[in-house]
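Pasting the structures in now, so scroll down.
You will see two complexes here that share chain A, one where it goes with chain B and one where it goes with chain C.
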Partner chain A sequence: MYKKRNMLDGLAKGFTYLGALTATFFLGIILYFIMANGLGRFNLALLTSDYHAQYFNGRPLRFEACETCERPDDLSDDILYAPQYGLGLSDTRDRGGNTVIQVTYMHPDSPLHNLVNTNNLNQPVTIAIDTVITRISYTDHPTSLTRRGAASMISDLESGATIYEVSFSTVGGGIRGSLITTLILIGLTLAMVMPLGIATAIYLCELAPINRVTSTLRSLIETLTGVPSIIYGLLGISVFVPLTIRLNLTRGPSLIAGAMTLTVILLPVVIRTTEEALKTIPKDYRLASLALGANTTQTVGKVVLPNAIPGIMTAVFLAIGRIIGESAALIFVLGTAVKDQVRIQENSTSLAVHIWSMMTDEPANIELSSTIALLILIVVLILNIGVKLTVHQLKRKTG
Partner chain B sequence: MENKPIFTIDNLTVTYGQTVALENINLTVNRHAVTALIGPSGCGKSTFIRCLNRMNDLIPDCHVDGCICLGDEPCHHEDYDVISLRKRVGMVFQKPNPFPMTIFDNVAYGPRCQGIKNKAVLRDIVENALKQAALHDEVKDRLDTSALELSGGQQQRLCIARALAMEPEVLLMDEPTSALDPIATQKIENLISDLKKRYSIIIVTHSMQQAARISDYTAFFYMGKLIEYGKTDLIFSLPKHKQTEDYITGRFG
Partner chain C sequence: MKKGIILLVLMLLALAAYGCSTTSDDETFDGNINIYTRDTSSGTRDGFMRGIGFPEASGNDAVLASGFATQNNLGIMNAMTVDEYGIGYVSLASVNDTIKALFFEGVEPTEENVINDSYGLKRPFVFMTRAEDDWASEEIKQIADAFVAFLESLDGSDVIADQGAVPLPSSYRWNDVAADHPICAQDNSALTLRFGGSDSITRIAEALSDAFSPRCGNVVTVNDHTGSSDAFKRTQGDEKDGVNAKEIGYSSRPFRNEELETDPETRGQLAWDAIVAIVHKDNPVNSLTAAQLRDIYAGDITRWSELLED
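Up next is the complex of A and B:
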């Protein structure tokens, strides 16, 4: 008997350990995959640069070979250098994974700092570090092209040929637009969902009579938590997008419609979390407040809500996490075309939808997707720590 | 005015749905005296005390019949403003329940809800209330610390101070010492004896000795009925009813 009980106990423990191990293992694999693919290209430039490359054709107004542009001593051996132009080039890959020739060094005296736009000779253009050179044509030499590589381009430049025109582009592949979109979405959605959700929770928890109507309402809200977000997307495309068009705010999918849809998705979450927070506040506080001649509004405003702030912060955190992670609903109402200039009445992509767009490209861009995924993970982690700290501080303040 | 009863209760019947909690209670509560309500659990004394400041309004299926007059005014029906009633009739609960705020904010809570914002006025009210509750000396240097850092007995006296800050006429106390140790209990009992000079106090208690020690009048409730009511020394020395005698001598049941 005793032996059997011990054995069962051991078995149950074994299952628990196995379950925990499996879960940890898969989480680890996901993290490893994202890190391995994304960490290499994770840098500040990615966050601050445009997704779409900008293309320029520039030409020198008058050509003078640079006489002071000698190869600096500390220049890395990987960089190929053309002293006549003070230009250092390398073969690299762009964020989309294609082979390109990138400017990796420019001498301060390089004549290529001062070019004019071929299409508009009054407009100066400049080649900067990280610029991708796609083509250089000469007045007296065959054109240098990307596919021949940096070494060939350097030898063309060093042959003493006179540059007629340089075609170059910014790197592109940045996620600034999607980042800004996500931030605006968070702001707009929170501004709508928090007042609505908190008000509903207060009504349900503090004011509503306990009867069949309110309990039905409560179970409806519970049900809404489980509805797949793609269905909310359908709601968005059939209600919010036409509505915003009718109101002359937009001409199609937009950030406004996206934030409205997210508000509907998040309402049940915010209501439930806030309600849970309100429920944990002892009834004694409410009774004490009412017995002191406070009315319901004063009781809620001065005693109940201040004590529910940690719980409400949790609701905010959950909401932000969901906004950052939501993709299915936003594909319809926000759009899938990556934008660099974000306007709230136009379509664009959030970070999660940016991943979706990258993965539906031909070929799929797993590396950029992983980098964005890594960014999302980091932001969520920071949020999590931030909320924990806030809640901790608040708890300490009220004892 | 001084001799007039503070509360006059006529034919009070309270029901929760189908359950009758109090039946046909007739009672007059005297001014500037301590009235103790005793009786076994579930006898209706807490229900009774909650009728006096209409905390029963918060219970959905609670129904109150009969008449309760505060002074000369009937205060039991909806027409009488419940907030001004609760201003006149303060309440202290069984478990010390200070708000999770500073000591100052706790005492200033009631006056602030009445719209008093002037800091000097509030400071005077708080100081006065804390002095009356015999707590001022212990906390005067840490009014800005959380009330939850106080001991249980101090918390209960803070709750009394919080009620006194409203300058009520009546103080209802629902087993105010049942969660406290003997020393804290004694402090509160001394405090009650002091306070009856200025306030009318109605206290629910499970302790016979406490009722005998501090009260001037005692009402014995049993099964929702008022069995006996009179001067405390009479009730405890010469109870008229067998049930009262059994209860106060501990021979109950």
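Up next is the complex of A and C:
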């Protein structure tokens, strides 16, 4: 009898262990995948630099080869060198992981120091160290392109062909714009959703009469939690975007419209979570407050809300997580264009949508996508720790 | 507790053993062909199915052989590194040495063979501008005209080639025609040119925009890519006056049906993209014909041995 009991208990326990282990296993795999793919690209420069490279087109002023530009002895072996032009090139990758050819050495006598802007022949332009050479076209030779590599570009240069034009750019591929957009979205959305959500929750929990209308309202809100976010995206594009245009705030999809859409997506979540928090506060608190002569508003403001702050913070966590992770709705309402100069009345792209557009491109950029995923994890972690610390401080103050 | 752990360890071992089980050496390579395909909205799928003479499968899963797997570009690449009996297709730009690219009709998939037209399995990258009389302003129209001239120039071709697609042959440099577009001599940094359409050529489109901007008065370019069907919709279709309107839309499949009722002057092709049938590295098959590929995807050929007989 006991044996059977023990066995059944053991089995049940085993299942819980198995469940927990499987979950941990898969989460671990995801984390490992993101780390393995994304860590390599993760650096501060990626987060702080522009996505769009600044392009220049220059022509050499004189065409004769440089005679004094011999390869310096101390030049590293992995720099490929064209003595005729005094130019040292290397195959590297830009911030986004795309292969580029970068200028890693320039001889002081290099003729490429003196170029004129093709579009405005009076304006000098200069190739500097770290500039990316995107192409070199010749009058009598096929163009050298990035994808054929630095070695091929050097041999083209050394073939004696006459340079027609050099196109070069700054290093691009950074994700500063998408990061800023995401942070602004979080701020804007929280500023709208928290007051609305908390007010609704207070109404439902503290003030609303307990009758059929209230309970219907409550179950309707619960239903909204399950609506796919793409539906909210449609709402955003057909209501909020035209609304913001009508109000003369924007001229198309924008961060404002994006934040409004996210607000609607998040309202049910925030209401639900806040309401749960309010419910956990003992009824005695309220009764005590009322007995001391405080009215309902004072009770809610001075007794109920301060005690519900940890629960409300949970709502903030959930909201932040959802804002960062949302992509489907934002593709319409915010757009997929990666911006460097973010303005709230213009379109832009969040980190999650940035991942989406890189993964739909051919070939997909898995590395940078993983890096962004890693960044998202870090941002969520930092924000969560920050909010937790604030709550801790608040609790201390209020005792 | 202990029992649970033992049970777990056993299960994990079983899993590992299953994962590690290797198939015997393929002296006679044989197995059921596992078909991988893109979803019906994909431009790559459209190009592939039309290229192998199976156009009805472009937008319809029902005509495909049973048991096919729908994957995205990345999924197909990954599947071919592990599935010995699989077959899929990707764009030439995606091909790398982790998989085996098959010859099509005996022709190797290389850029040269696409340019000289001997490799037949390819799809066009096309674009569409707004209609002749439907521009926000005369300046924007002139800049868009200049952009089209730029992408058809040698300079534009270089940008396209650099991103892995095969541009159409071109005969002039941008600098030769820049004088025909006086708008580009002005400062255009207050004007915005909006691009949209196919999301699978985002990188090419962005590279073109970035290269064009300094050649045309630093005009602001915005690339917002959502899918090939939006190329027409947002320039000349339903959404042309909507909030997501665009000046120029790209498509990674040929325009069709209502899209072709537009003024031919507003449409053009920027490049070719070769589509390559790919298999696992250990697969002894090297080349397939259009008819064989069609039979595979239609389910008339189901085993690899049928392809190795001849």
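Keep this in mind: the second predicted complex is superposed on the first by the 286 of 399 C-alpha atoms of A that agree within 3 Å, B and C clash if a C-alpha of one lies under 4 Å from a C-alpha of the other, contacts with A are read in each partner's own complex, and residues count from 1 in each chain.
Just so it is clear, a contact is a pair of C-beta atoms (placed from the backbone, for glycine too) under 8 Å apart; a residue touches a chain by one contact, two chains touch by 3 or more.
Everything numeric here is computed off the predicted structure, so don't read it as measured data.
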| item | value |
| --- | --- |
| First, second, both or neither for A:Ala364, with chain B first and chain C second | second |
| First, second, both or neither for A:Thr336, with chain B first and chain C second | second |
| Greater residue coverage of chain A in the superposed arrangement, chain B or chain C | C |
| Partner chain in contact with A:Arg62 - chain B first, chain C second, else both or neither | neither |
| Chain B versus chain C as contact partner of A:Arg147, first or second or both or neither | second |
| First, second, both or neither for A:Ser137, with chain B first and chain C second | second |
| Chain C-contacting residues of chain A that also contact chain B | none |
| Chain C residues touching chain A - in the complex, by the definition given at the top | 1, 3-5, 7-8, 11, 44, 72-74, 77, 90-91, 93-94, 154-155, 158-159, 161-164, 173, 175, 178, 184-185, 199-203, 206, 210-211, 213-215, 222-226, 243-245 |
| Residue ranges of chain A touching chain C (in the complex, touch as defined) | 10, 13-14, 17-18, 21, 52-57, 118-119, 134-135, 137, 143, 145-147, 164-165, 167, 169, 172, 237, 241-242, 245, 252-253, 331-332, 335-339, 347, 357, 359-364, 366 |
| Chain A-touching residues of chain B, taken from the complex the two chains share | 53, 55, 58, 60, 83-84, 86-87, 90-91, 93, 95, 97-101, 109-110, 112-114, 146-149, 159, 162-163, 166 |
| In the complex, chain A residues that touch chain B | 209-210, 282, 284-285, 287-295, 298, 302-303, 307, 398-399 |
